[in-house]
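This report concerns only the one structure given below.
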Amino acid sequence: MLPVIETIALRQMASGDRLYLQVYKFIGAQPGKKVYIQSNLHGAEIAGNAVIHQLIEFLISLNDTDLAGEIWLVPVCNPMGTNERAQHFSPGRFCVYEAKDWNRIFWDYEKEADDLVAFAKFQLQDHQEVVRQNYLNIIKEKFTKLLAEINSFSSVPYTEYFRYQLQNLSLDADYLIDLHSSTNKGLDFLYYFPNQEESAKYFLLDLGILLDKYDGDAFDEAFIKPWLALEGRFQQLGRDIRFDVEAWTLELGAGMQMNPDSVAKGVRGIKNYLIQKGVLKISSLVSQEENHKMTFTTSSKRQKYYAIAGGMIQARIELGTVVKAGDKLYQILSFNKESQLPTIIDIFAEQNGLVYDISTNQAVNQGEFVLGII
Amino acid sequence: MLPVIETIALRQMASGDRLYLQVYKFIGAQPGKKVYIQSNLHGAEIAGNAVIHQLIEFLISLNDTDLAGEIWLVPVCNPMGTNERAQHFSPGRFCVYEAKDWNRIFWDYEKEADDLVAFAKFQLQDHQEVVRQNYLNIIKEKFTKLLAEINSFSSVPYTEYFRYQLQNLSLDADYLIDLHSSTNKGLDFLYYFPNQEESAKYFLLDLGILLDKYDGDAFDEAFIKPWLALEGRFQQLGRDIRFDVEAWTLELGAGMQMNPDSVAKGVRGIKNYLIQKGVLKISSLVSQEENHKMTFTTSSKRQKYYAIAGGMIQARIELGTVVKAGDKLYQILSFNKESQLPTIIDIFAEQNGLVYDISTNQAVNQGEFVLGII
Amino acid sequence: MLPVIETIALRQMASGDRLYLQVYKFIGAQPGKKVYIQSNLHGAEIAGNAVIHQLIEFLISLNDTDLAGEIWLVPVCNPMGTNERAQHFSPGRFCVYEAKDWNRIFWDYEKEADDLVAFAKFQLQDHQEVVRQNYLNIIKEKFTKLLAEINSFSSVPYTEYFRYQLQNLSLDADYLIDLHSSTNKGLDFLYYFPNQEESAKYFLLDLGILLDKYDGDAFDEAFIKPWLALEGRFQQLGRDIRFDVEAWTLELGAGMQMNPDSVAKGVRGIKNYLIQKGVLKISSLVSQEENHKMTFTTSSKRQKYYAIAGGMIQARIELGTVVKAGDKLYQILSFNKESQLPTIIDIFAEQNGLVYDISTNQAVNQGEFVLGII
Amino acid sequence: MLPVIETIALRQMASGDRLYLQVYKFIGAQPGKKVYIQSNLHGAEIAGNAVIHQLIEFLISLNDTDLAGEIWLVPVCNPMGTNERAQHFSPGRFCVYEAKDWNRIFWDYEKEADDLVAFAKFQLQDHQEVVRQNYLNIIKEKFTKLLAEINSFSSVPYTEYFRYQLQNLSLDADYLIDLHSSTNKGLDFLYYFPNQEESAKYFLLDLGILLDKYDGDAFDEAFIKPWLALEGRFQQLGRDIRFDVEAWTLELGAGMQMNPDSVAKGVRGIKNYLIQKGVLKISSLVSQEENHKMTFTTSSKRQKYYAIAGGMIQARIELGTVVKAGDKLYQILSFNKESQLPTIIDIFAEQNGLVYDISTNQAVNQGEFVLGII
């Protein structure tokens, strides 16, 4: 099965050159769900590009009868981020011109929804699929108005144009997967939304972090939040409705790296997810899911450690270590310009938890990130 | 009168070097208000440094009997911003490490206030000065807790440490003046808060923009918002109370420039303000305020124009022009890499207004800022 | 007359997007010289783009019988530089990845020439045009070897690939014009090579600076240096030969600006040059050259002033001022963090001369550029 | 033994803050050689800071009778480089303002020496120590003139001021050690100058690279080159003279890292070197030098591989692998925006050698560094 490949103009640069998005669309012989998968939204987080490449190779090897619905793949989805360099490194986390995190710019319908309660009341007796379609139509209608703004004389900042292009591709997806990694060095895990533990396990990762607090600005959040909001309104009105709409962010290792092990985990997880969700109809690929143990925790438990002094980080605990409050985490070798000897500052854990992220850079100005515990 | 000069350690860098704040405190012979003036919070906005320098020279020439209360002056208040370079230019608007606008990081007590209504009720009959003192004590108490966090093992990101240092100097001021300019090229004007038109005129500027919508993250907002909030609660309870607490942001021309005319306007305005508010007791300096006409408008009317295509800006209307909807604002000379001739795109005004800000850079990638109209 | 427009792939970015060069080739009905004109090699120096645009418009309005030879125009010739941003500004002077000035990267045949004296001896009696063709062939042959290196597994750093593309377009030109401006704020003038004062005047500018010392790394230098070297060898052998090959760098005002006056001067000068050199056959356009007075000086007389202390530049002498040794040039308003009052440092001229360049940024860290005198 | 600690003002920033150098001077009870050791000249290359810290701890534990001569230690010797950040990473290899490699800025006396042959002739019969002292005096005299330039009104760019400060501390050293690492990921090895293989082995590293071509701009080169030049002149005059002056650059692992193993090797090597050279008089510390095998090669054999296409690097050979011409080195996973499937490009070795350096970043724009072979 070969994909339909669509190339979409993204940004005209001052030089007249253009950046593009390119979508690989695998379209099944049978109708079904739309799956949207993108990678490299943050410029340094490249592991997902290898994942998508391997998925493309894999899907090409299938017959279109093996696929129900569509899988849209968008690797290197943020050329501005991917191509940015600071000397040899890829910062790429932020839109430098606007000082915005590339993953905190998205359009969240819920923030503009006129009256969700009224909508829910009006559709209280309708079939779930009808509700879904009606709601999606309303979202799309509102979304379309962004285009008028983009095309006006005053237009919009680039981040608003960029989000339009990515959301235009993904707004009507059923399942959305955003492939990230740490910009620094992180574990392999996923972020998920409330009540999705069962689906989460399909990804066969060891750790899942529930996004218990979110504001809708991230790509996965902006996609799922309106649906969760509508479910909430229905629940208030006494009807339990659960849309088959899911959003996932997979974190696959370290920034500037495509660690083969992290990549393999990503590929394996997504394949299994697609089989379990009935998108891939391949009886031969038996899922290992039964025996897979996954640990769940919540994002609000994350605690980040910032350097209390300027200096060099040494003797830092390993990524993946389970620590107890009071355990030594790292040292700062702190120099001075006040005619004193260098000093060593020991830093201890304030809480129990798992070291899930550590800085790539072992030099820190005061107040810079050193590690994260969850 | 000589100032007391206090030097405060601000940040230890990885190299062990330290950055500092330096406060020039002029202390009057008579008690009175505390005035806090800072400059250069955004790295490119240097005009206020010349203003503060001239104010220091002026205040040194006075006797301490000419001053009631205290004037605290903090030039170059953000070394990280001031010293940053991109080739020969000063970007300096953002904390690059955290991708935060240096003037959207401040601590707003109102967001953490437990129950302002209860507080207002409890003090409903108290004298205004007693209320002020009690409220300030509560704010300070909450603020002090930030220090514990800073000194903990997990500490805080630098922006939170930095804001602590600046707000620690200014939290108990009566009048606060933050000296900015456009990072690009702007008019000389001030931002003010509701109901302060009378005081605003003391600054003898031509244009005042009312901050009708604000979230409390900017330096002036974080300072004044809790007081306006308390006034609001009292009003709800039927008591009209107006604290003599004021916050101002003066915008003095262009980024990377200390335009002598903008600087002179800043100095003149602040002197007159201090005289009118009774801080400076100098009968010889007659105010020109009577004849001064000031135009007032609101910040929500600002409209920014972003480039609808990549290219070069030409034939742009002048800064300070009054435009009508439909007037031509500028052209984009847009090149391409598709074997076409270059094109000219004309951009027209969508609204009536005054061109108050224009980009220094006449090259634009699609979605970059070109000009602002109010 | 419409140009042939050629689009040339320049660089594939990590995201798969490509940058391009685009050449507008106006081809005359009669044979003649090849003129190569490019702009925006330094990212901030955009004025030449408007010049080239106006030349395109002008040439389109002509008949091909008005043109003898070919004019190749390459606006926005360095997309990496043009599109780079640091916050709102265009640094763009350097290849950041390699820390190289975009105009100090070019391939100079002379540095690799095996034995110019032998070549000159061998051709001592040949007709000048034959010598020219033979020499050009040798240069081209050597140049072609760069392509093998580019296409090898180890390939080359981007600057070497980029220079190949630009020089591949221009190596066989007769007249080469590189349109620059100050990255800061500069006068309108041109750089020229020895013995070209007569042609220099055709550009109708007020100031010409002779490049009396150059190493061949700049675009104009790399083009002309092998020819000047060969002329030198012939001279040593007793034959005066002067190839009709010319290279010019026009400096047109300020960085990030397309000042209409500088642009107009550029267009006027190039048109007149092309007429005087017989490339444009337009009798109706009378040259104003007769009355034009031009001042000539030499590049080795340039003296740059760097800030002797950190601080803010004020009271700086205007661009274009003629100064005498001992004249006051500017002040540094220098703050400190040692509990002292700010100080004013006066800076005086060390030599007589003309202020031809001043920094856009009035804030300086110690050792940063303030102004240039020639 | 406690060090004398000297703090030297280095640069005044625009904000008035100052950066400093700090020298830890251990002074022996007996006269002897002066050893100068610095670290972190390139901002990302922090491993040497830990080495110097451990040397300080070690030297403090000694008695001053254990030391003949002086050891001067300058950690974090380049605050501008060390403190620079691009998002979380340390670029720090270049002076961004001037686009200069921080280790290609140094002052090389040989380039300004008037007539070395005459000097050598004049001293042909003198005792080596007399020659050494006379030559050093001449160098110092010339060097002192730089200070006049620094203090003039036109002053100098910061890199020239910075080099003055570092060379002022080290110009009269006998042994100079500059602690670097790869900015990317490199092996532990040292760079040495001709005829120093015997001393090189004292550092107990596995690999030594002879600098067979150098221009004198690097710190070690600028120090040693005038001495090698004078030795050469004497040789031409028939006298073999070998000054006991040595310069070393140790490369200790990866950028942004203080790899404990690399740090330990650095500390061990320097201690052994100091013992072998008679600077440390510690009989108890037996050198392991006898059994140590060291491989020597030359810097001109280094070949760097640059990406022939934009994309993501995968399947790259490990750092430290010995390869043969034709071996597969890495793949580029190359995306496009031309509606094609992604492609895999295989890259093969052009020569036999050792992979001594690999890029930290696995994303590459065309022409970016991937790996180095020697």
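Chains: A, B, C and D, in written order; residue numbering restarts at 1 for each.
FYI, a contact is a pair of C-beta atoms (placed from the backbone, for glycine too) under 8 Å apart; a residue touches a chain by one contact, two chains touch by 3 or more.
Bear in mind that the values here come from a model prediction, so they are computed numbers and not experimental data.
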Intersection of the contact lists for chain C and chain D: A, B
Centroid-based (C-alpha) most distant chain relative to chain A: C
Pair joined by the larger number of C-beta contacts - B-D, A-B: A-B
Length of the line joining the C-alpha centres of chain B and chain D, rounded to whole Å: 46
Length of the line joining the C-alpha centres of chain A and chain D, rounded to whole Å: 42
Rounded Å distance between chain A and chain B, as computed from the means of their C-alpha atoms: 36
Per-residue multi-chain contacts in chain C, two or more chains: 13-20, 22, 76, 82-83, 85-88, 93-94, 96-97, 99, 312, 335-337, 342, 363, 365, 368-369
Complex contacts: residues of chain C adjacent to chain B: 3, 5-7, 19-22, 24, 43-44, 46, 49-50, 53, 56, 60, 75-76, 82-83, 85-94, 183-184, 256-258, 260, 312-314, 333, 335-342, 359-363, 365, 368-369
Contact footprint of chain D on chain B as seen in their complex: 13-20, 22, 40, 76, 78-79, 82-83, 85-88, 96-97, 99
Residues of chain D that touch chain C when the two form their complex: 11-18, 93-94, 96-97, 99-101, 151-162, 303-312, 329, 334-337, 342, 347-350, 363-369
